[in-house]
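Notes for the one structure printed next.
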Amino acid sequence: MIKVGVFGAGGRMGAEVCRAVMADEEVELVGAVDPTFSGQDLDSIAGISGSGLVVAGEPEALTKSGAEVAVDFTVAEAALANIEWCLSNAVHAVVGTTGITSAQLDALRAKQSKESKSNLLIAPNFAIGAVLMMEFARQAARFLPDAEIIELHHPGKKDAPSGTAIKTVEGISEVRKSKGISDESSEVLPGARGAEKDGVHIHSVRLPGLVAHQEVIFGGTGQTLSIRHDSTDRTSFMPGVLLAIKKIGSLDGVTIGLEHVLDLGL
Amino acid sequence: MIKVGVFGAGGRMGAEVCRAVMADEEVELVGAVDPTFSGQDLDSIAGISGSGLVVAGEPEALTKSGAEVAVDFTVAEAALANIEWCLSNAVHAVVGTTGITSAQLDALRAKQSKESKSNLLIAPNFAIGAVLMMEFARQAARFLPDAEIIELHHPGKKDAPSGTAIKTVEGISEVRKSKGISDESSEVLPGARGAEKDGVHIHSVRLPGLVAHQEVIFGGTGQTLSIRHDSTDRTSFMPGVLLAIKKIGSLDGVTIGLEHVLDLGL
Amino acid sequence: MIKVGVFGAGGRMGAEVCRAVMADEEVELVGAVDPTFSGQDLDSIAGISGSGLVVAGEPEALTKSGAEVAVDFTVAEAALANIEWCLSNAVHAVVGTTGITSAQLDALRAKQSKESKSNLLIAPNFAIGAVLMMEFARQAARFLPDAEIIELHHPGKKDAPSGTAIKTVEGISEVRKSKGISDESSEVLPGARGAEKDGVHIHSVRLPGLVAHQEVIFGGTGQTLSIRHDSTDRTSFMPGVLLAIKKIGSLDGVTIGLEHVLDLGL
Amino acid sequence: MIKVGVFGAGGRMGAEVCRAVMADEEVELVGAVDPTFSGQDLDSIAGISGSGLVVAGEPEALTKSGAEVAVDFTVAEAALANIEWCLSNAVHAVVGTTGITSAQLDALRAKQSKESKSNLLIAPNFAIGAVLMMEFARQAARFLPDAEIIELHHPGKKDAPSGTAIKTVEGISEVRKSKGISDESSEVLPGARGAEKDGVHIHSVRLPGLVAHQEVIFGGTGQTLSIRHDSTDRTSFMPGVLLAIKKIGSLDGVTIGLEHVLDLGL
């Protein structure tokens, strides 16, 4: 059993990771860290309990827990400190926290290659279905270059379009040979044709009742191909997190994106 | 049987109307007018034939055909002349031509009320499903004020958003009591949140393989309600045109919109 | 403020109702009943607290709470006893519990008309979007008689098709004049064309990741009209429950279905 | 330019192939065969014309046309004779005709390997989007074993489920390691859960207004992934047919399925 520590275990995502790790027979929860914790029983915090589980406010506590892999769903600043601690202490790090800059990432890469015995995996989206959606969109764009994206989220989402939509366009741009045909429309109302990136139009819908959804539509003569991912719950990330925990030991250094853990055969 | 004349019978829509009228047992095609016609057999033009059918280039030809109702799917300028001829000659007019201005419409209303014994029906969309979609959207907006519209069309469509989308928003605005909640998003790429009209966001997708489609999505706590119309063929307008032909005699003066012909009970 | 008591307050649905009632300024939670309760603080049970709130295991406790309306999301047997208590004690009852038989309903109607000063509303679905979907389907069927239903739920749902799907067909059957056209297909694999009720085919999809969804598709010449409801959370029922609480005083006797509380104007 | 002959050129599909071949600059239409033809000008039959084009009722006529590749969208019996003629005359054959049996296919394989200098490609679906849908479904099934298929067609379609749906299940079955979880539903109305093949449920919708559509839905914890292909016109097959014409010379012997011509990199 792989021994796992969880940073941010008091947050909604972190608590969910704790539950997922405890429910999987191939991995074991050995430590739970959160700045709001100070020796309480994790049971009273997040409904999680485990004999021998180390619960603490500081990363250092993971040392005595024997964690081989640590998972981080926190905020960028905390995540950076947690990742550095992992790399210095030969603990693999699986990170779903967003907002880490390219410069910070370069520094982490340098640190890992120079002094670390452990690996780092950072992924913007741990839902396996979302990763498949992005990969299929890449493949489809080689044959059907005309594509548009509709992404739909709850009204509390801060950015439009979503990071996943932008990453999807990057994949499409990389492979398609032409930008497809031009449409003849002119905007009667500004913004009607959405945002444009590399010739792909992106439309962001924000409504109550929505969670996180994206549809990529490809158009060809007399046909359309649509690839859609619907996420209705944060538990959708857990299979991807568990897979990353199990595979990170066999990765090499720093890896960005869950697609490198899935054996897509693409 | 109601005797029907068709303007623009040489065009794609007009020829389709001819075929639909001939296939319906309650109506009879008696005249086909098109500026490109000059005495040919309609059969060689559009695969339509009928004994006793008057085929001609000028509206006046409908006089001898005995037409009681005329259908016009042409272009705005021609349509105006055709409608005026109908009002002067006691022939009811069913019109699907777009681009007639409010001022022109006022003039037609004045002419009809002053001197005409026949009625006029103008509708932007004769697809019964599209009319139902717009009416259902009006109803839903009273209970679920948060709405967005996605309309999807072939790349040759000139305007974005579509006239149907704008008309849908007008219906929603008329009835809803509040504008719904505000989303917290800011546009990372301009246009991502689409066009906005009366607080309803509209997104226009243009791709090959699409024909004419619209989806209205309403969001509420933990739920969404979506109403979608897909038109895959111009034959979708024919049941609405036939219904209008049969009902126009019992309308009163000038009517705008097929919803007044459907007995929606709404 | 309308004083509200909640039966089954210890269950997931009941606890959600308690939270919804407490968050609404026009209603007040005065009593919470659940057989598993025995004088504890409701706070420790469901994260709900309120000064002066009566928490108890027996319906009788609602008497001293002064509840004017009681809400029941329990199981059929318990619900029957709770409803009878309400009718005997002049407390209006809003009921979302399913499985009450026609015979039991007749007995409740008789009891209400003979001896009660309070009203009863029973509804199979309190999601406003689902009620609108069913009503729109009724309307659409008058113009587009060809319809099929796809309902999609989580794998734990016991019945296929869902009660909402069956109720939708009943609405369609009531109004449509013809059964639409017959398809020419024969089943290569048995069951492919789904279940059939009154000439409407129903298809039940059961997959993890789904919650509760239904799409009604109407087909006409060259067009389809689709009405879809997606429920992603049990909070979707709360606006309907609150509306029912506020309106039940002005209803008359026994009412079945939330559509009678919504002023649909249909 | 590759010289192309078309069998069944008088049929709707064959005429479409003629038009597509004439519109592509890398291929040339040199022969059009149809039992209903006897020396007429193809122009009067299908609006197609070409100087030097051989139009005839018998396959033999393709000899003098110099055709290098022949395309067959006819019926099984005619197709077999046409394919045999091609194999005997060193003409590559691209075949979209359905209904050829396994035994007949074995005989064609034997004939090709023994005596032919030309290749044979048979594909049940030439729409590139449909082929991508099937391939993506195969890939997705490795990670998300729970899948159901909804296929939607016009009411004139003879078989339910469609051949494409069955082929999709075969692809899914080949790769998935488990059959996914079992749902707990029991059918209140028989057929509700659809047809079942290798543990995948298939639902066939038949309505006017539909053309040819298929959606494959994969369910995982808290998420679904949907892959949908919509075909609105028989022109959707043409890009696949043209690609097959251009690539068949570099294939080896007998090939089944357009996926072998697309360089999917899967």
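Which chain is which? They are A, B, C and D, in the order written, and residues in each are numbered from 1.
One rule holds in what follows: a contact is a pair of C-beta atoms (placed from the backbone, for glycine too) under 8 Å apart; a residue touches a chain by one contact, two chains touch by 3 or more.
It should be emphasised that the depicted structure is a prediction, and the values quoted were computed from it without experimental measurement.
Chemist: Farthest from chain B in C-alpha centre terms, which chain would that be?
Modeler: The most distant chain relative to chain B turns out to be A.
Chemist: Equivalent interface to A-B, which of B-D, B-C or C-D, with over half of contact pairs matching by residue number?
Modeler: Equivalent contacts to A-B are found in C-D.
Chemist: Using Cα averages as centroids, what's the distance between chain A and chain C in whole Å?
Modeler: The mean C-alpha positions of chain A and chain C differ by 37 Å.
Chemist: What is the distance in Å between the mean C-alpha positions of chain A and chain D?
Modeler: 38
Chemist: Determine the centre-to-centre distance between chain C and chain D, using the mean Cα coordinates as centres, and give it in whole Å.
Modeler: Computed value for the inter-centroid distance: 47 Å.
Chemist: Got the chain C residues that touch at least 2 other chains?
Modeler: Answer for chain C, listing residues that touch two or more other chains: 209, 218, 220-224, 230, 232, 236.
Chemist: Would you pull the chain B residues touching chain D in the complex into a rising list?
Modeler: Residue positions touching the partner: 209, 211, 230, 232, 236.
Chemist: Along chain C, where are the residues that touch chain B in the complex?
Modeler: For this pair, the touching residues of chain C are 127-130, 132-133, 135-136, 139-140, 143-144, 218, 220-239, 262, 264-266.
Chemist: Which residues, counting only chain B, touch chain A once they are in their complex?
Modeler: 146-148, 150, 152, 155-161, 166, 180-197, 201-210, 217-224
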